[in-house]
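Chains: A, B, C and D, in written order; residue numbering restarts at 1 for each.
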């Protein structure tokens, strides 16, 4: 894993960090605006999924390991997000 | 298990995990003890209820019966017996034991005084009023 | 092999599983009681939740920089980045304590209603993980400072980092789930 | 036997087996009272028989734990026991106190016993499993402390291995959590809440540490697998035990008046409790498959593997079956609980004790293993006891399911006693399985008196 070019590694992490901050602010804005409904819900949850995937891939560095480890985290993420979505949609009348 | 996974690591996880979850348990216990008065109605624990619990214990009732589902499964649940049968029935029942019916389960005669019977009933009455999240499923216990 | 010690990954997955079960349980409990959840959720402080997300993400970034530093054999710099991450963890705790204080002084407890049961359980459970993560990072920092890691041998730093990212990841889901989505 | 002082374990093991026989006899009495209600009434009412049955279980387990401690601590610490004399004195104190307690249960009415033994000074009696009179409870504390003092000092002056460390932690935990048995508030909810701190944190907490340490010790001896590997497994297993088991206490707090959030905490964490038991099974088989020597004691190996499988089935599978709050709402306080209790206790604790005894007793009698014919007999007893316990569990499970169906489901529920009449067939079958178990136990004891030479040690 030490084959990564260092300055590039740091720069890409910085970009990921800024992206995460930006996405958080969007979620915050949606929250403050008290937006609701299943469309908004899917968007906010989707944002969270993307953010977790960014942390797992870039910060944890699972992008550079065997697919198994990445797969476990991704599988967990999709399972949780999927079940949460089902639960929310089941409550929408 | 991989060779990178050393015994020291396993030991640290054991100690860390044990302390972590024990602290969490203490925190939850603290909250439980704080919020119990609303569920156990302890303001209704009279001297009679206290004496009744003592009778309950010194006759080892829990050796045959369950109370709130805990005890032996040889005889009926008594957590809700006050609601199921009422105080007078309970006293008459205890006084008339054992039935002596051949082959049937027998309850000993405890020779309780009227005062002791009243105390036991107050204990069972108070117990039946504990908020048990709607358990048991029905009046039969 | 994933970064860091394999053992920590068993526990990262176990932790993710436990939090995952609680998240799903929250969602299904909400489905049974939408009005109560939506009403109670209004009283949460979204700003403090959002700021804490920013704080944790930033601290995660600092940890990434710490790993990058030790790979270049810069132990001092690594220790400094970890110290900064621990500092951000401290900020998270302070904000969270203020939030808890407001809730507790409003008389809210685990037994107030199902929403608050989940809100308090999830956030306190996570809060304790932040503390545990800070302890792990502090141990890594001390070892880094005393020259215990090098460009070749830094599995310990990656182990601590992976755990800290997990704590961050859980919060990234927790925040929108409990504070925002309704 | 490497150290002379290990010999003190022998009386402990013998007493344990003797009390085990007593436990089973009273179990058979109770099983018969389930079908013929007035059997032995009023001489031995059911509640007395049950008290004897469960208390003997606890006491013989404690005897076996202490025996295990006295046997394995000197060997692990590579030094003689701190004080063999203290160990023997404590043995007699504990045996006499235990015997007097049982005699007390049987000879006088419980209320009289309570009065005679100072229950009015500090009321601790009459709660499930903690029925012992105050002097007995105090005696248990004194014996436990003397025992802990003895083995702790032995470890301190000798080699400190992970196995002895884990065993010590478990035994200290056992002593500490027993102190909650002295707390008996008049508020039943608080009483129950902290009663579980003794009962649950024993059997689903610190006792599992003792179990793990005993199993690990025997596995090192009979498989010759590297200590590092076995101790690593031990740590991982007990870590999972406490991580899941401590909050798992919540599965007892669903319906006793505690706040409702325990339904969530209890369900989630106790649902994970089978994991350490599953790991224990994998561990036992893995180590035996990777063995580096052929130990002549095949019976001990069988018991060790059996402990892994049966504790997983009894504690893990049967526990999981009714641990989720929505299921437990219906199963709580029925024969399902009895089914789980029997297989879990036998599979985890009775069997680990028998594993330890099976390994250590031949050594204590001056040979590495018993003769082939004695081992064959012992293995027969293993299969008879294990299989009949599986059947006891299955019959009680069937009884429980039927009981729930008739008494708790549907719009026209039956009363408790009417329901009992309906499930009578399963109680008969359970009693028959119990008799087979007893035959197994007789064979087990017989195997100790089977003298025909010694098996050869093929290291």
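Please note the rule applied: contacts are C-beta pairs under 8 Å (C-beta built on N, C-alpha and C of every residue); 3 or more make two chains touch, one makes a residue touch a chain.
The structure presented is a predicted model; accordingly, all values stated were derived computationally and were not measured.
*Asks:* Of all chain pairs, which one counts the most C-beta contacts?
*Replies:* Per chain pair, the contact count peaks at B-D.
*Asks:* Measuring from the mean C-alpha position of subunit A to the mean C-alpha position of subunit C, what distance in angstrom results?
*Replies:* 15
*Asks:* Subunit C to subunit D: how many Å between their CA centres?
*Replies:* That pair's centroid distance is 40 Å.
*Asks:* Centre to centre, by mean C-alpha position, how many angstrom separate subunit A and subunit D?
*Replies:* 47
*Asks:* Residues of subunit D that contact two or more other chains, please.
*Replies:* Answer for subunit D, listing residues that touch two or more other chains: 236, 243, 259-261, 265.
*Asks:* Which subunit A residues sit where two or more other chains touch them?
*Replies:* Residues: none.
*Asks:* Mind pulling the subunit B residues that touch 2 or more other chains?
*Replies:* Subunit B, residues with two or more chain partners: 1, 5-6, 10, 13, 17, 20, 24, 28, 31, 35.
*Asks:* Pick one for the touching-chains graph, please: line, ring, star, complete, other.
*Replies:* Here the contact pattern is something else, fitting no line, ring, star or complete shape.
*Asks:* Considering every pair of chains, which are in touch?
*Replies:* After working through each pair, the chains in contact turn out to be A-C, B-C, B-D, C-D.
*Asks:* Please give the residue numbers of subunit C that touch subunit D in the complex, ascending.
*Replies:* Spelled out, the residues of subunit C in touch with subunit D are 10, 14, 18, 21-22, 25, 110-111, 114, 117-118, 121.
*Asks:* Taking the complex as given, what residues does subunit D use to touch subunit B?
*Replies:* For subunit D paired with subunit B, touching residues are 30, 33-34, 36-38, 41-42, 45-48, 50-51, 109-111, 114-115, 119, 123, 125-128, 131, 162, 184, 186-190, 192-193, 228, 231-232, 235-236, 238-239, 242-243, 246-247, 249-250, 253-263, 265, 329-330, 332-335, 337-338, 407-409, 413-417, 420.
*Asks:* Under the stated contact criterion, what part of subunit C meets subunit B in this complex?
*Replies:* My answer: residues 1, 5-8, 11, 109-111, 124-125, 128, 132, 155.
*Asks:* Could you please specify the touching residues of subunit B with respect to subunit C in the complex?
*Replies:* 1-2, 4-6, 9-10, 13, 16-17, 20, 23-24, 27-28, 31, 34-35, 38
*Asks:* Can you list the residues on subunit B that touch subunit D in the complex?
*Replies:* 1, 5-7, 10-11, 13-14, 17-18, 20-22, 24-25, 28-29, 31-33, 35-36, 39-40, 42, 45, 49-50, 53-54, 56-64, 66-77, 98, 100-108, 110, 126-127, 130-133, 135-141
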